[in-house]
Every structure is written in C-alpha cells, then in structure tokens.
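In the two complexes that follow, chain A is the common piece, with chain B as its partner first and chain C second.
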Partner chain A sequence: MRYLSENLLKIALLLTIALVIESSIGAGALHAQHSAALDKRIPTELRPVLQAILDSAVTAGLPTASLADKALEGVSKKADGDRVVSAVRALYQQLKTVQQALDSISAAELDAATVAYRAGTTTAMLKTVQNSLPKRSLVVPYGVLGTLVQRGVPVSDAVNAVVKEAKRRKDDQSLLALSTALERNIAAGLPARTALIRAQKIPDAVIDNERGGTRRP
Partner chain B sequence: MNGDRVIHLKPIVRGLRLALRSVSFPMLRSIRFLIGISTLVLASKLSAQDTLSKIPVVFSAAIEGGILAVENYERTSVITTVPAITILGVNSIFRSRAAISMFESGRVSGYGDVYVGHQLKSRSRITLAVEGEAGVGTYRGKVSGHFFQTGIIMGMSESIISQFHVSNAFDTARYTAVSGAVVTPLKMHDLAIVPTLRFTHARGRMFGELLMETSYERERLQLVTQVGMTTDPSAHRILAALPSASISATLRILKPVAITFNASRFPPDFARGMSASSQLSLGISLARSFPKSLSATPVFPSQSIWIQSDKSDSLNYLTLRISGATTVEVRGTFTGWKAMPMIKGKNGEWKLPIVLPSGVYSIAIRVDGGSWDGPSGLARAQDEFGENYGLLVVR
Partner chain C sequence: MNAHNDDELNRLFAPLREFPASSPDSTDRIMAEIAVDLSEGGAKNSKVNSGWMGGRRPVFVTVLAIAAAVIVVVGGGLWQTSTQDHLTSPTTTMSVRPGVVRFVFVSADAKQVTVAGSFNHWNTDATPLERVGSEGVWAAEVSLTTGWHSYMFVVDGKQWVPDPAAPQDPGTEFGPSNSAVMVIAHNSL
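Coming up: the complex of A and B.
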C-alpha cells in the first residue's frame, strides 16, 4: 500500500511538472489565447482602441506583448495618442505580414523576425533564413540579421553572413560576435559592407573570449 | 562562376555647396577674396565583384570655380578639379587624388598625393596601423614642392589614440619634422570633444601644440569649434603661445538645404613654414547629411556595451562603458520603458542587474540627464516617436 502511494505521489509530481512546463511553453508560444494586459500608465481614452488591436492580434494568433510594449513606449515618450495608436497598428500589420510568410514560429522568433523586417529585410529573405536553419531557435539569427541590415549591410549579404555563421557554430555566440565586430568596424570608419567582410574573419578563439557576447542569464 | 566579374557603376551626387569666402594672409600682406564658389561633388561607386575579391572602389570628383582677387594683383578666375580614387580593402585603405587649377591667364598649377593605410592588428584592445602619404606640387609645368609623411597609429581603447609621424617637405620652406600626438576623443550627450597634444621637432627646435576640437550635433544644427595654443618660438618667453580658433556652423533649414558659416584664425606654423591666415565664409549647402565633424575619430574603438555575469554574486549585469559621466540611466522594452539608474563601477563602467530571456530588445540610455539615445556599440535606429534606440540581441 505504502509502495503504491509513493508511486502515485511520484506520478502526480511528474504530471504537475509536465503541466507547469507545458503552461510556461504555452505562454510564450505564438497561439496564446489571452492578450497582454495594458499597463496602468496607458491613458484611459486610448485603452479601448488599443485593446481592440490586441484582441485582433489574439484572434489572428499573434503575440500581444510587443504590441502592448509599443503602446507603453509611446506613452512613456509622451507621444500624442494618435501617434501611439498608429505605431501599434503599424507593428500589428508588420507582425501579421511576417507571421503569414513564416511557418510554425514562436512568439520570440516572430518578434525578432519583425525587427529584421522593420529594418528592411524582405519576407522572402526571412523565409530563406528559416529554411536554411531548420531545427534551431531563430531568435538570435533574426535579431542579428536585423542589426546588420539596420547598419546598412545589403540584405542579401546580411542573410548570407547570418546563415553561414549560424551553420558554422550553433551556439549563437559567433553570431553575436559578428554583430559586435561589425559595429566596431563601422565605428572605425569602414563602410558597412567592408565592415561585415572584416567581421566575418574573426577566429573562434576570439569569439570564445569575446566579452561582448550578450549571454543568456 | 569563377572568374565572372560583375561591375556596378552607380553615380552619386553627394552635395552642392555655394559659398562666399574671404581668405587673408597677413604675413604675405595680401587679401584674397574668393567669390561665388560652387562645389559639386560627384562620386561614382564602382564595385568589382568576383569570387576572389570584393573590394569597393570609389571614384569621386570635386569641381570648384570662382573669382580670385588678390590685393595689388589683377582679378582672375580659377577652376579647380579634384578627381580622386579610394579603394577600401578589408584591412587597408588606399586613396589617390589630384588637384588641378586652371587660371584665366592660362597658367596651370597642380597637386597630387597618394595615401596608404594598413591595419596590422585589430582583434585585441591594442591595435596598430601604419600609414604613408606622399604628394607633389607643380606650377607652370615645373615641380614646385613635394611632401612625404609616414606614421604609426596605436589605438589603446576607444578613448586613447596615439600617433607618431615623420614628415619631410620641400615647398615654400624645407623642413623635416618628427611629431608625436595623443588624441583622446570623448563623447557627452550630443557633444563630442577631441583634445590633442602634439609635439613636433623641426628646424632644430621643439614646438608644442594643444588643440581642443568640439562638435555639437542636434537635429538641425551642427557646430564645430576648434581652439588651440601653439608655442611661439619668436618670443623671448618660455610660455609664450599663439592662439588659434575656428568655428563652423551648419544649420539645416529644409532638408537637404543648409546654411554654412565658417570663421577661423590660425597663427603662423613655424615648423612647416606657413604664414598666418584667417578665413570667413558663408554659404548654402545641399547635402543628405552633415559633414563628418571631427578630424580625429577613434580609429579602433572597443566595445562599449555588453552583458556579463559577475562571479561574486552570480548575477548578470548589463554593462556600459562611458567615461566622465555622473549619472547614467537606461530604459527599454525590458524596463517597461521606465528609466532605471545604473550603478557606477570601475574604469567608467556602469552596471544594471538584469534577467533577460533570449530575444531582441530596444534600449536607450541617458547620460547626466541629457537626451535619450541608443548606446554606441549597438545598431541604432529611430523609432516612430522620433527618438533613437539601440537593438540589443540576447541569446
């Protein structure tokens, strides 16, 4: 009897852990069923229209955290109401465009891909990255792609560099080092494309010792 | 395909300047007026790409024309063209240019120079580069002077750059000079400051020079000032110094139209045998962006933002390196856009403990209560609300 109750306790514990893990994954997944709450700092008169956009995002299966954050950003920067709503609406459209172009993508990946899209990457190029890097998180590749394009690297060169580096090393550290080296080279006066070519020549020993890599806590 | 070559020739109009300029050289007892100058800069970018090399090549040409009136001398018109070619390699820069001036009287004067710079090491905090420059001047078909300079540049961090040069010239006066300089660029808010201390040995004497160049850039206005002191070897006092000053302002009234103003006064350069001069100019400029403001920018800057874990408390810190700041605040997607004060650390480092899952975050910093801006070391962009921010990628 005691043996049975111990096993039941273990099963219950495992089920609880599984439920916690599933719910935490579900919270970050793209098909979240609840919209992010609007911050208290959002003025009352903006709430109905912003909530409507967030509700539309839920219906469309889009993550709402970045939309709520965009609204908060505008309010924090003391932008007028129309501008805040316009910015949130534009981001909603961009998220939707990117989502439609990419298959089965997580919320964090969609946010990162949208950053790259806003910087000037086409949806076709985003798809190329997704197809070239199967079975891995695309948060950092899309994020780094966004920074390269934002810095003026031609989109095709940026995509090639990101895919090549991501395939070469799967720990994302070399991608972050690539972005860091590009910034350093541009600050030294090199044009973006030359800066990228030089940044791609970083040896692994330097990447591993690179203090600048943004490491996950 | 190996060996296939694709050539893109893209003409670029960089800008158009219209300026009224007055230049005077007191030591020559003459005043020159250059009126109605127009400068048209055309640049063509020719990039030859093949499987072996991807080297951007930039061709550019500046054309300047005007009326030159020299005191006690007849008025003459002059047209100067400056064609140039710049090749930007992965670790090298090659630049060659030639200035040809044609006068109304049919006289022709020319000047040409070649510059080569090569970076020896770029991976560590200390980096080295070597550079060489040679030029030759002609007048009425004869060589009137030449110039040669070679040097080493050492970047120790983003804030200290030392330069060492050996120069030799034969022009209005012969001289050979050895000079060393320390440049320490600083940036505070919208203000950039570049102090330079230089010592030059020429003609058997040592000349000291202290220069302070500042640049302020804010939306429509760019203001560049330069003040300096040069030791006066003609004075019979040890600390006698000759002041120099220059102020340039560019006010953008309607993109891309801007009003430009420059006033400068320079003392005689005893080391190089050049006379004192003063300049005044007022003009209109058509350009897509402000001209590069400071002559001495960091050659090989080190990174200024990163996330690291601290072994002493096992926390992760967002770390910024900003020298000379009293307060630093940060805000972004990860702070709910609330301003968070950063903690001052050693060696100009500012820290904030953070817990960030993998993602891309918008980040802006404010130094000493100034305006919010994206930190250097990150790709920066402007948001829909007119403010700059940086993109922080976390794995």
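Coming up: the complex of A and C.
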C-alpha cells in the first residue's frame, strides 16, 4: 500500500512538473507571437504599453492581429506615440464591445463586424444580421454592411439590403456586386440611399457573368 | 437599363463569357498595356503573385486583346450607355480572380508607388507597383486572404494616398481614411 502511494505521489509530481513546463512554453510561444507582430518598426518606448493591450486581448479572447496592424499602421504613417496607443486602445474597446454583443463569432467575422460598428452600425443591428443569417460566414455581410454605412446609407436600410441580398443568393458574390454598384452610383452623383436602391437592381446575369472577376466591396 | 438592352448585351457578350477577362471597357488600350506588361513579368516583384497564370499567359493576353477589340468594335456606344452601371474600369483596383487583387494607381509623375495595408502589416516596401505602359498606370497583383483589407498607396516613399474610387475604411486616427477591399472565399463563387 505504501509502495502504491509513493508511486502515485511520484506520478502526480511528474504530471505537475510537466504541466508547469508546458504552460511556460505556451506562454513563451504566445509572447513570441506578439513580439513578432510588434516588429522592430514599433519604437521601444511604445512596446510595453502595446504589449499590455495585446495581452489583454488574448485574455479577453479577442484577435490580436488587427490590433498589432493598427499599431504598425500608425508607426508607418509616422503618427506620434500617444496617437498610436490611443488608436490601438480604441480598437481594442470596439472589438470587445462587438464581441460581447454577438454570439460565438470567428476572428475574421469579429474584425468585419467591428468595421461595420466603427462605420456607425449599432451592436443591436449587428446582432440582427447575425440572427437573420444563421449557418453562414458573416465576414462578407458585415464587411459590406460597413461599406454601405460608411458611404452614408442609413443603417437600417443597409442592414435590410445586406440581409435581403444574403438570403436571396447564398454566395458572397452578389453582396460584393451590391457594394460595387453602390460605389459606382455614388461616384456618379447619386445620394447614398438612392444609390443603394439602384444598386439592388443588378441583374443576376451580370453577377453570374462576373464570377472570377470579383471586385472591391 | 431595360430588358431589351440586357438581352442585347447578353447576346453580344455571350461568346466572351468563357474568357478570363475582367470587365474591359473603353479604356481597353490601358487594359491591354497592363495585361501585356504583367504577362512579361511586370508583376514579378509582387512576392505573392509569382506564377500567376503560369505558362498560359500568352494565351491570356491574346484572348484579352481580342476581347477588348471585339467589345470596342461591336459594343461601341451601347457599351458606354448600357453597361457602365455594372462594370468596373480596368484602371481601378479590383480582384481579377478569387483571392487575387490587382491594385492599380494612376500617376504620371510618381517615381515609385507601393501599396501598404493590413495584408502586409503596413510595410511600405513590401508590395511595389510596376509602371505599365506609358499612361502613368501602376499595377501589382496580390494574393489576399478572405476578408476585409485596408490599404493606401505610398507614392515616392512618403506620400500616403487613398484609392480614389475605392470604399473607405472607417476611422481617421492617422489622417485620411484608408481604402478597403473585400476578398471572398473561393468556395463562395
């Protein structure tokens, strides 16, 4: 009996050591991943605070790539440090707000939904889109929604248009065609709402004919 | 656009649907220059674009040129008036195939043009555009992952310029809004 207890104790000890080592390696890998994202272009004095934001994002289950890219964008554009940190922090909050409003959403969907949110879509509307389009990727619907709202289409109109088009045709091509047509109509001088109404009249034949030649949203 | 015009267009362009050309229009000459230049290695500096069309490039260019010529001759004014609602100018940034985006910038004065965006971590040196033809057109083709990508052109290494005809990315933290391109998955086509 004593022999069995000693062996069990040894096994438990070994398992504990293994777990500690594994978690250390995991944390190191995570840190290395962030360090890679925060490459040498990030000034040394900004790294600690940006790293802290990225670590918080990991803890909160938020994607870190878009946060790191926001920092790199600011640095590449030679924005001052405070501005870079402020922009990354703001994006972190927006990602978190959107994540909390939506159920089980992928990183790519969260990024796209956050684009729509930053453009002016409410979280309630984002939720409406999610509920209306179950069992499909929401990356393109949210991305196109962001495009429409950014161009001045009223949010409710934009949501209705995206949901309607996504239900009408299951492929993402028609959503892109909708967005492209809107851009063109606005460039031609139409008000946003009128541009959307007109964009919704694209014939299916044209959409199908342009497969493989997808364009901007 | 009325139904008659749609039918007419479908009839005119039915033979072209098998071609991989992407929406040529009246600026076909520029389009042809872009295509020829890229086929001869104009996009060779685009790290993610090597192998585009592989050994079929000459066929592609020929087909593209024929398509452009047919459209100009046959389409004429009808093309201008009836299809401009749906088709994109080749002198703008657009996806040429699923997952591959052709970035196009027009500047006769630029000495160097690159594109920086979320897809290359805003590296201003990573994705140079090549000058194609003599019209001040710069182009590069880049493979992008599915989703939303922000970008801007960088002219002569210092001037950040949004794509004038592209959708805008929300947010002006670092100056003018970025441009945006949405890439869809292959299996959604």
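Just so it is clear, the second predicted complex is superposed on the first by the 173 of 217 C-alpha atoms of A that agree within 3 Å, B and C clash if a C-alpha of one lies under 4 Å from a C-alpha of the other, contacts with A are read in each partner's own complex, and residues count from 1 in each chain.
Here is the rule we go by: a contact is a pair of C-beta atoms (placed from the backbone, for glycine too) under 8 Å apart; a residue touches a chain by one contact, two chains touch by 3 or more.
Because the structure is predicted, anything quoted here is derived from the model rather than measured.
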Fit or clash between chain C and chain B when superposed on chain A: clash
First (chain B), second (chain C), both or neither touched by A:172: both
First (chain B), second (chain C), both or neither touched by A:150: both
Partner chain(s) touched by A:108 [first = chain B, second = chain C, both, neither]: both
Partner chain in contact with A:162 - chain B first, chain C second, else both or neither: neither
Partner chain(s) touched by A:67 [first = chain B, second = chain C, both, neither]: neither
Chain B versus chain C as contact partner of A:98, first or second or both or neither: neither
Overlapping contact positions on chain A, where the chain C interface meets the chain B interface: 39, 66, 69, 72-77, 79, 83, 86-87, 90, 108, 111-112, 115, 119, 137, 139-140, 143-144, 146-147, 150-151, 171-173, 176, 179-180, 183-184, 187, 198, 202-203, 206, 211-217
In the complex, chain A residues that touch chain C: 37, 39, 66, 68-70, 72-77, 79, 83, 86-87, 90, 108, 111-112, 115, 118-120, 137, 139-140, 143-144, 146-147, 150-151, 171-173, 176-177, 179-181, 183-185, 187, 198, 202-203, 205-206, 209-217
Of all residues in chain A, those that touch chain B in their complex: 39, 66, 69, 72-77, 79, 83, 86-87, 90, 108, 111-112, 115, 119, 137, 139-140, 142-144, 146-148, 150-151, 171-173, 175-176, 179-180, 183-184, 187-191, 193-194, 197-198, 201-203, 206, 211-217
Chain A-touching residues of chain C, taken from the complex the two chains share: 1, 6, 10, 13, 17, 20-23, 84-88, 92-98, 116, 118, 121-124, 146-148, 150, 160, 165-171, 173-175, 178, 180-185, 188-189
Contact set on chain B toward chain A in their complex: 54, 56, 88-91, 122-123, 158, 297-303, 305-309, 316, 331, 333, 336-338, 354-360, 362, 376-381, 383-385, 387, 391-395
